[in-house]
Each structure stands twice: as C-alpha cells, then as structure tokens.
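Consider the two complexes below, in which chain A is the common component and chain B and chain C are the respective partners.
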Partner chain A sequence: MKAKSKKRNQWKAWLYLLPMIILLLVFTVWPIINTVRIAFLCRWDPDVGAIVGYDYQTSMLENVHYQFGINNFINVFAAGNSFLTALGNTMLLTVLTVPISTMLALLIAVALNSIKFLKKFFQTVFFLPYVTNAIAIGMVFATMFGMIWPSPAKPPTSVGIINTIIEAFGGHYVNWIDRGSSYWANIAVLVTYIVWNALPFKILVLLGGLQNVDKQYYDAAKVDGASRWRIFWRITVPLLSPMIAYVVITGFIGGFKEYTSIVGIFGEDMGPYGAPGKLNTMVGFIYDSIPHNQGKASAAALILFAIIFIVTMINMYVSKKKVHY
Partner chain B sequence: MKVVLQHLTKIFPSRNKKDAGAEVVAVNDFNLEIPDGKLIGLLGPSGCGKSTTLFMISGLQEPTAGKIYFGDDDVTKLAPENRGIGLVFQNYALYPHLTVQQNILFPLQNLKGEKRLSKEEMLARTEQVAKLVQIDEYMNRKPSELSGGQQQRVAIARALVKMPRVLLLDEPLSNLDARLRLQTREEIRRIQRDTGITTIFVTHDQEEAMSISDFIVVMKLGVIMQTGKPQWVYDDPANLFVAKFLGAPPINMFAGMVRGGKLYIGEEAVMDVDGAADQEVYVGIRPEGFILDRAGSLTCKVSGIDVMGRDISVVSTHENSLNPVVRSIISADGIKSITGDTVRFSLKQHKVFLFNKETEARVYFGEQVATHEAMIAEMAAEGQVYAAHEGPLPREADDKDKPAAAKEKKSKRFGKKRAGSQDHADSEEKR
Partner chain C sequence: MKDNRKSYARLRLTVGILLGVAGVCALVIGLLGFGLFALGTWLSASLVCIGFLTLALAVWSLLLLAKIEDEVFTTGATDEISRRERAQKALVKAVMYLFLSVLALAMIFPFYWMLISSVKTVEEYNLPTPTLWPHELRWETYLTAFTGGLNLGRLFLNTVIVGVVSTILSLIVTVLSAYAFARMEFKGKNILFALMLATMMIPGELFTITNYITVSAFNWLHTFTVLIVPFLVSVFYIYLLRQNFMQIPNELYLAAKIDGASDLKYLWKVMIPLASPTIISITILKMMGSWNSYMWPQLVAYDSAHMLVTVGLRGADFTDQLSKLFDYPAQMAAVVLVTVPLLIVFIIFRKYIMRGVSRSGIKG
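Here is the complex of A and B:
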C-alpha cells in the first residue's frame, strides 16, 4: 500500500517536472550532445548541412561521409594566431580580473558591513552595475576612455573624461582604446570594466556571508586582543571562505566566457579601430566561427569547456583544502 | 584581583528618536565589591541587566555612568584586550575553523611587545591550560567534533590561557544538557579553586548560582536586590522578590496581617511575631517550613501528595494563598498521619518571612532580627559588603513595556542563539 502510493507520487512528481525536462532536453541537453557530435564530425559543411566531403580549407571534394575524427580540432589550431590570441586574451583577462574583483569585493563588503549610516544607500549604489545593461556600460566606458581624433598626424580634438582627469593632474593623455592604442592600454580598460561589472554580485554574496557571521566571534576576538588586521585574516576571511570560494569559482567560469565587455567597448570587431580581432576571446572566436564552420566552432567550444572544467576542478581541490568547515 | 563596581549604570537609548522616553535603563546605579579570588554568581531573571553588567566589566559595552576598578586600577575606559580579562560566551564563540589548540593559542598569538612569548612557551602554556580543563586529548580536533561540555572547556581554556586577572562567564551552562550541567559546574568550581582567579558568572538558574558561588548577587531590573552567601540569601531574603526567586519548589506566599504581635492568615492566628508592627503583609513560607501537626494553626485542603522517596510533597490549597497551590515538603513518615481532606500545619519560625505589602521589604520579627544582624556582621568580617534593596523599584511602574524593549535589544545585539535561549529563560521564569 505504502509502496504503491509512493509510486503514484513519483508519477506525479515526474509529471510536474515534465515541462521543464522537455525544455531542458530540447534547448540544453540536445545542443550539448550535438555540439560534441559536430565537433568530432569531419568536414561539416554549413551550406549543405551535412558532411558532403567538401573540404572547406582546400576546397577539394572527397567522398567521405559521416567520418568521425579530430579534424575540427586541428582546424581550430590551424586557424593560426587568431585562436591563440583569443586563448591568451581570455586567460590574461581572467587571471587579472578574478583576484582583483574578489579582493575589492571583500574589502567593500567588510566596509559596507561595518558602517551604519547610509548603509542601505551604499548597498544600492554598489549593486547598480548588476542591473545595468553590460553593453550600455561598455559604451559609457568607451566614451570615458575614448577620444575624438580625426587625424593620427595631429593631436586629438577632444579627449574623454579619464584623459581629462589625467591632464588635470598634469599628465599626458593616453590612447586607451582608439586607433593605434597599445595592447596593455586596452587590457587596462577591459580589466577596469570587467572588475566594475563583476563587483556587485560578489559584494552581494560576501555581504550576505558576513551578515551570517556570529557577532560573538568578533567580541571574542576583541577580548582576545586581536588587531583589526588579524581579525580580518584569521576570522573574517576563514569564516567567509565558502563564499569566497564560490565567487572565485563562478568568477573563473565567467572570466573564461568573457565576450560582452569587449563588444561593449570595442564593438563587434573585437579590437581597436584598425586592429580587428586583437582583443578577441574564446567565446568571440566561437561566435566568429559559427557562420562559416560550425565544426570548428563546436571544437573550440569543447576546448573552452575542457579548460573551464580543469580550472574548476583545480579550484575545488584547492578550496577543499583551504575552505574551512 | 578585587573588582569594584561603583555607581555602574547602563542606559540603552531609545531606538525611536521621537519617543525619547523609551530608553532602557539596563543597569541602574550598581555598586558591588568583589573580593579577590572569589566566585560570584550574578543571578536574576532575563532582562535584569546581569549580562549587561558582565559585558561592561569585560569592556565590550561602555557604561553610561559609573566606574569599574580591578584592584586599584580604574579600567572603565580601557579596551577589553587591555583589561586582562577572560570571557566565556554563552555559546562559547569558539572559532569553528581553528583546532582546539589553535583556538587556545589565539589570545597568546595576539600579544605584542614584551608580553609576547616564544613559540615554545606558547605551546607549553596551551598544553598546561588544556590539561587544567582536561581537554588535552582533543588538541587537534575542530570545535564541531567536540561535545557541548568539551567545547565549554575549550572556551574556558581560551579565556584562561592569557592568565586573566578576572574570568567572566556568561550563562556558561545554559547550552548543556542536565547531566553535563551538573558535571561542568563542578568543573568550573574546581578550575576556579585551582587558579584562584576572581570569577564572575551570570546565570538565571538559581540552583546553578547557589551551588557553586561563594556569594551571589540577585538582580532585578538593573538593581541589586540582595548580595550574600547563597545559603544566607536563601535563609534571610531581604525582600519579596528574592524570597520568590530563590528556592525550588518556590516559596509559598499568603496574604496576611500582623495584629498585636500575632500573624494572621485569613482569620487564623498562625504564629507569634514579636517585634513586628501592625501592618498588612505578604507571608512567605518555604516548603520545608511546614510541620504536620494536628494542633497546628494553618489548615489547608489536601489536593494531592507527591511521593519523592525520602520526602513527600503535600499539595494543598488555602483560600489566602497567593499561589494556586500550597506546596509543603515533609518527611515521608508523615504520610500516615494525613487522613481526610484537610491537613493542619504548624510553622517553623525561621522559614517564615514577612514582607510589607506596600514596600515589599522584609519585616523582621523575633529571633530573625538577631540572625540577620549576625549575618551582616559575619559578611563584614569576610570583607564583603551586604547590600539589599528595599522599597519599590524605579522601573517597576512601567514594567509592562520596557523589559520587552530591553529583550528585543539584547537579542538583536547577540544574534539568534542568544535570543533563543532568552525565550527559554522567559518561559522558565513564568513557571
């Protein structure tokens, strides 16, 4: 009797889950499987929609049907520097932005948690980037860092607010993002933008964690004579370590998927004027590949997945050792 | 280290600016001298300001007025870490991410300058304290892997490792189960004796306070109601509150009247009370103050008998009783002489306390006057100051809303756990 009713209940549960399961199967599970399939299918041709033995690279016809192999992966690396550039840019941006944004978010969260006056107001202010459109913020950043420069031979007619500030302090304007701008200037702008964009979520998570820390630990530490610095490192950080691990892991995943920030600031050319693709990322590379070679795009997507998977595993391994209780 | 509290007062400002009258006087002109090396219990119902007093001594809360001396040093303005105190929190506040050893080491690692010990000394000290509280086998465990009693001992070890001048314990036993409670309180007593550190602990459990304190301070609404050795306070309560608060089962209260040197409960003259002026009184009779006596003057209707082995508890009713039932504890032999539905008692003089109906202050009569004076003299001889409160409390008039506000405030300050235990305390109080 009991087993029977349990079975019936299971039926009901499955019934309620069904709509979601169907949607997930159609829009998530199948595409993932298909991506793997396409990635390993040799000589996929988007125009025909099937393998027809048409080699895109050599434009030679061969009668090879549905042969599986690693051809697409070879194509990814054969794409020359553009893939390595995308990989390098992605890695660099991730490695720079995750630690910076995590540290800043931690400091801001601790500061926010310790003030009383205007606390809610500042919480809202720091949360605003989260609810603002990323492309819109990118355009604002482009305006702030950009300049109007009709001719490379002459100085710019007008510079953005960042350069205006630099000049107000007696410095020389920097070509941040325009034609001929240096790679590191571009990266600096991108890092600023990405950190700015990543902060709200991290602050939110860490602040939530901080508010759950029992105040008595701080009272106890005070009685024990711990300095502020020691309280921060020996008590706050360890007690927050699960939250910190969470924002670091999600930060890495988000970092490897970086794309919109570059589009927001540099446009779809993924680079300053005159140097398209200079700041391309992995996701950008995948998007670029889709129209003319889905096999290559799928292979690149799998490579990105592998990287994220490995990095997340490393993160989990480290956090298991370092995250307390 | 002698601890002296002078005119200590803590007022929590009203949260609502418009309603300035809603401020809460948590501790009101508190004067106390704690002799060196004694174990003191601060006892009172929740919201009486005992924890606030403790936190002011610790330095975690700043007094609104008054002074705190450790020995001859005025520590009122000192930060907690400079006072030389050890504090054990109600829920221990052990750092969950550190091992037992690291927890105990933590205060030592914070020492700077001359006080800083070498690593070996630190470890040796830790080992020594861990041995004292008998947790040296668990040095490498995390707090979550310990039982409540073991955690408690780690917390005490952490408080002791800096060799504090004063050890403060906030409701140290309230998170333990009944068996551990008994064991741990003996343990606290032993550790205090071994170290000789002046120790102040806060509790709402009168049994706990009575059993281990050298002397207790009974508080209500931020005011000291009475100080003294536990047995003395029990035997010689200074006012109605203390009489009602101490004792389990609680004291039996009757409405009575003194007329011409005789005490009347209802129309019955139950006892001679020489030296007491004519007045309306509350009569408090300890459960053990009744003697089964066919010729006794107090007649009660029996409603039941609880057998407790050695003793029996006669549950009866009386029309002038202020409690729902009159509970008397008599020797089990007496059970045979209870026949019929009424029982007559005569009373033991020294177990009957009279309190003026208006002021609720004690009315001494007969031999009680001499006993009381002898007690004060004996306390003075031991360097303790007898203090007792007489007359109505300043805050009693608006009793209804203010303690509630105080509680709210406290639970906000100390987080969930504390709020929970306070609820528990409340329900206990109602019983």
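Here is the complex of A and C:
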C-alpha cells in the first residue's frame, strides 16, 4: 500500500517538473552543448575566399558540411581587430568602474548606517537608479552631456547642462560624446553612468551587511580609544569583507557583460557620431555576430566565459586569503 | 523632563538637517546660477550667501544637539566626555549628512533633468545656456511622444502583453517545480536540483546564440512567442520559492491529506497564500524584466507589430519635419513615460523589490 502510493507520487512529481525540464533542456542545456560545438565548426568558402564560421541560414540553404577546427577563434581575433577593441573597452570599463563604485557604495553604506533621521528617505533615493530602464536613463545622460551642434563648421549652439556647470566653475566646455569627441571623454561619461547605475545594488548589500555587524566590536574599540578612521579600517572593513567580496565578484561579472549602458548613451552604433563601434564591448561583438556568423559569435562567447571564469576564480582565491571568517 | 529634552533634541536634529539640505541646495543652485540664463548674477550671488549661512546654521544646530544628546543619554559621565569630543561627534554627523545630501542630489539630478526637459519647447531646450526651470510648460511633448517618431501606444501594448503572459506562465512553471522540489519525494531529486542550480553559473550570452538558431528553426522570429517562451524558466526563482515552501510546516500538509484535499488544492489554498510575499517579489521582478528587456528583443523581434518599448525608444527618431531640429523634449517625454511606471511600481512595492534584489543581484 505504502509503496504503491510512493510510486504514484513519483510519477506525479515528474509531471509537476515536466514543463520546467522541457524548457530547460531546449533553452539551456542544449545551448550549452551546441554553442561549444559550433564554436569549433567552420568551412572554407570559395565565394568569400576565406574560412567562415557556422551560419544557420547558409547551412540550411546550401546544405554545406562543416569541419572541426579552431579557425573561429582565429577569425575572432583577426576580424578587423574589432574584437581587440571590444576586449580593451570592456577591460578598461570594468577596471575603472568596479573599484570606484565599490568604494563609493561602501562610504555611502557606512554613512547611511550611522544616521537615524531621514535614513529611509536616503535609502530610497539611493535605490532609485536600480528600478529604472538602463536604455532610457542612458538617453537622459546623453542629453546631459551632449551638445546641440547643428553644423560642424560652426561652434555648437548649446554645450549642454554638464558643460554649463563646468563653465560656471570657470572651466572650459568638453566635447563629451558628440562627433569628434575624444576616447577618454567618452570613457569618463560611461564610467559616470555605469557607477551611477551600479551603486544601488552595492549599497543595498553592504548596508545589509553593516546592519548585521555586532555592536560589541565598536563598543570595545571605543573603550580602547580607537579613532574613527582606525575603526573603519580595522573593524568595519574586515567584518564586511564577505559582502565586499560578493559585490566585487558580481561587479566584475556584470562589468564584463557591459552593453546596454553604452547603447543607452551612444545608440546602436556603439560610438559617437562618425565613429561607430569605437566603444563596442565583448557582448556587443557577440550580438553583432549572431545573425550572420554564429560560429564566430560562439567562439567569442566562449572566450568571454573563460575570462569571466578566470577572473572569478582569481577573485575567489584572493578573497579566501583576505576575507576574515 | 528627560522626555522633554529628547523631543527638543529631535527638533534640533530635524531643523539642523533641513537647514543643511536647504543650504546645499541653495549653494549648488547659486553656484550654477552664475552661468545660467534663468538666474541673474545678483540672485545667484545672494543664493550662494544664503546657502553658506544656512549651512553654518545647520552645523551649529547639530553641534548643540550632540551636547543635549550626551546629557540625555549618558548617565552621570557627562563631565568625563570632553567638549572637544562632543563637537567632533557632531561635526562628523554633519559631514555625513552633507556627503549623503550631495550624492543624493547627484542620484536624483538625471530624473529631474528628464522631467523638466520633457516640458520645454524645442527653442528653449536649444538655448545656449540651459535653463534649470522651464520658462513655459509645453505639455504637448507628451502627445508628440505618442504620435511622432514612435508609436508609443503600440509599444506599451506589446510590452504589457508580453509582460503579463510571460509572468503568468512563468509563475505556473515556477510554482509547480518549486512544490515538487520542496514537498515531493522522488528518485534523483537532489541530483536534478544540483544540476539545475549549476546552470545558473553560465552567462546568458552563451545560450543566446543557440537559442537564436532554435527559434529561427521553429519559425518564431518576430512573434510574441519568441519573446515569452525562452525565458519562462528562471532557476533562481524556483530556488527562492522552494526555500520559502520548505519553511511551511509539514503538519499542515498531513492535516490537509487527512481532510482529503488533493495536492493541487493544498498547493493553491495553503502553500501559495503562505508564500505570497515571495510570489509577489517574483511577479514584480519578472514584469520589470519584460519592461526593461532590450538585447533579446532587439535581436529576434524588431518589427513594429512585436517591438517592445525599450527597443522602440532607443531607435526612435524625433527630428521635426519642418525645422529639421531634433525634438529632445519629445524624446525626454517618451523617456518619462517609460520610466514613471517603474518608479510608481517601486514606490508601491518597495519592500518586495528590495527583498528580491538583495538576495539575487539580478536585474529582472
């Protein structure tokens, strides 16, 4: 009797899980296998006169045969060097934004934790960027940094609100994102926007960690007469280290997948007017390749995965040594 | 007596902080005012002076507060705490508030800029020095956002269809699997659960490529199906809900069994109501995900009949036919219309959203 009901239950459990399993097999498990497979599939195309990667459309139409090889990976690095540009941009943005946003978030979280009055208000304000649309607010940043410049021959008719603020402080206006703008000006705008966007999540996690810190440590330090600065570095940071490690690791992973913030500010061209692709990222490179060359896209995606994996491993290793507990 | 002092201290704190915030605002507006069209030099200069004075008042108010606080909250040891230390404490507090206020302003400014830009006339927006407050309000920009450039009404409709359908279907799949993992016994349960969690570690870009091939083969390109089906399963939501289901005591289940309730009835009548906070979190995050999704829709469904709001927004051209000028205010009005629903949802469901986010770190 008991065994029978158990068996019936088994059958039922699989029925409950069926939709999830089918969807997971089709859209998650199969893609993992297939993406690795087509990353190594390529063929010699006599029309193009080059090695081309796997392309679903042509393979359907012409019924061509592909061979295994590493040519997709060679193609990725050879393709007009645009992958190297994307790799460089992604690395630079990650290396700049992760430390800045983590440090700022830590300071804000500590400040928020030390106040009582208006705490809820500030918490809400600092969380606002999280619930917004990255593309939409990117467009707002574009209007803040952008200039009104109808004809290239003449100077811009309006330099935008940020430049106006700079000029109010006696500075000279900067061409942040418009035609002919410099690479570092573009990067500065992107870093500002990405940090603005990344702060809420980091503040939320760090503040959650701070609220769980035992007050006894602080009391003990105060009795010993430790200075605030010393308390911050000797007690707060070590006790928060698991949370800090968490936001740094997720920050690196998010940084390497940066894409929508650049689309928000610069549009689909991924660069200022007249220089498309100048600020492309690795994810941008993958998405550009998907419709016409899935082999190249897969190879690039595997490279991205490898980079994220290695960086996460390094992060874990470092935090294992540094994280207290 | 002590209560009196306490409420006095609270009053001081309130006044001090309000003064501090007002001071920072006056200072910033005054400083910017020098270069701005809207404010004259005299007005700006006086604003700067007022800002400084208000800030000084705020610091003084907070300094005094520390003294009162010590009197109220320390017992007899007041004399041992030096005056200097108290002043330092208050100063630190004032600096904290100043720091937070300045950063909070930086956080809010893009929203402010979006709102005021959306009601400016094109002429005013194109002025050499931008105005911080529009001279005349032009609400027609919101009409332009719907009529010119992009078909915002259609985009909203598409997004709502995709959002609602995918949320409902996703909830069904999630609840069923979470229930199976939490309450039912079957062979290979732990292995299956571990495998499922393992897929969370692989970046989504890796799936996208093959999924593109798959949906092309299914002939799903440019349909609503392609926007809904591939993302129905979220391993993280299943995990979250399973944890919640596990917390519900087993006795309830046994009691329901004795009463002759079926599994489905028990799930519907007991489990779902008890786990409703988690289910609400999942619903909101999933809806917000559809509202904000860009990369996948841009790749597979960019025709006007199925375009989602974010894709349409970025691609829209607001150039005026007559003057050949780009209508930035209309663009900003469209951005406001996309952003405000999110903010309203956030204000209503703040608790649920923050809970869901702090556990996951994923955006929708």
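In the analysis below, the second predicted complex is superposed on the first by the 282 of 325 C-alpha atoms of A that agree within 3 Å, B and C clash if a C-alpha of one lies under 4 Å from a C-alpha of the other, contacts with A are read in each partner's own complex, and residues count from 1 in each chain.
In the analysis below, contacts are C-beta pairs under 8 Å (C-beta built on N, C-alpha and C of every residue); 3 or more make two chains touch, one makes a residue touch a chain.
Worth saying up front: this structure is predicted, and the values here are computed from it rather than measured.
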Contacts of A:Leu24 with chain B and chain C, given as first, second, both or neither: second
First, second, both or neither for A:Arg234, with chain B first and chain C second: first
Which superposed partner A:Asp224 touches (first chain B, second chain C, both, neither): first
Residues of chain A touched, compared between chain B and chain C (which is higher): C
Which of chain B and chain C A:Ser182 touches, first, second, both or neither: neither
Partner chain in contact with A:Leu204 - chain B first, chain C second, else both or neither: second
Partner chain(s) touched by A:Lys215 [first = chain B, second = chain C, both, neither]: first
Complex interface listing, chain A residues touching chain C: 6, 9-10, 12-14, 16-17, 19-20, 23-24, 26-32, 34-35, 38, 56-57, 104, 107-108, 111-112, 114-115, 117-118, 122, 124-137, 139-141, 143-144, 148, 150, 157-161, 164-165, 167-169, 196, 199, 201, 204-205, 208, 228, 246, 250, 253, 257, 259-260, 263-264, 267-268, 283, 286-287, 290-291, 294, 297-298, 301-302, 304-305, 308
Residue numbers on chain A that touch chain B, as the complex places them: 214-217, 219-227, 230, 234-235, 238-239, 241, 324-325
Partner chain A, residues of chain B touching it in the complex: 58-60, 79-82, 85-87, 89, 91, 93, 95-98, 106-107, 109-111, 142, 144, 158, 162, 413-415, 417
Complex contact set, residues of chain C against chain A: 10, 13-14, 17, 31-36, 92-93, 96-97, 99-100, 103-104, 106-108, 110-111, 113-114, 117, 125-130, 172-174, 176-177, 179-181, 184-187, 189, 192, 196, 199, 202-203, 205-214, 216-217, 229-233, 235, 238, 263, 288, 291-292, 294-295, 298-299, 310, 313-315, 325, 328, 331-332, 335, 338-339, 342-343, 345-346, 350, 353-354, 357-358, 361, 363
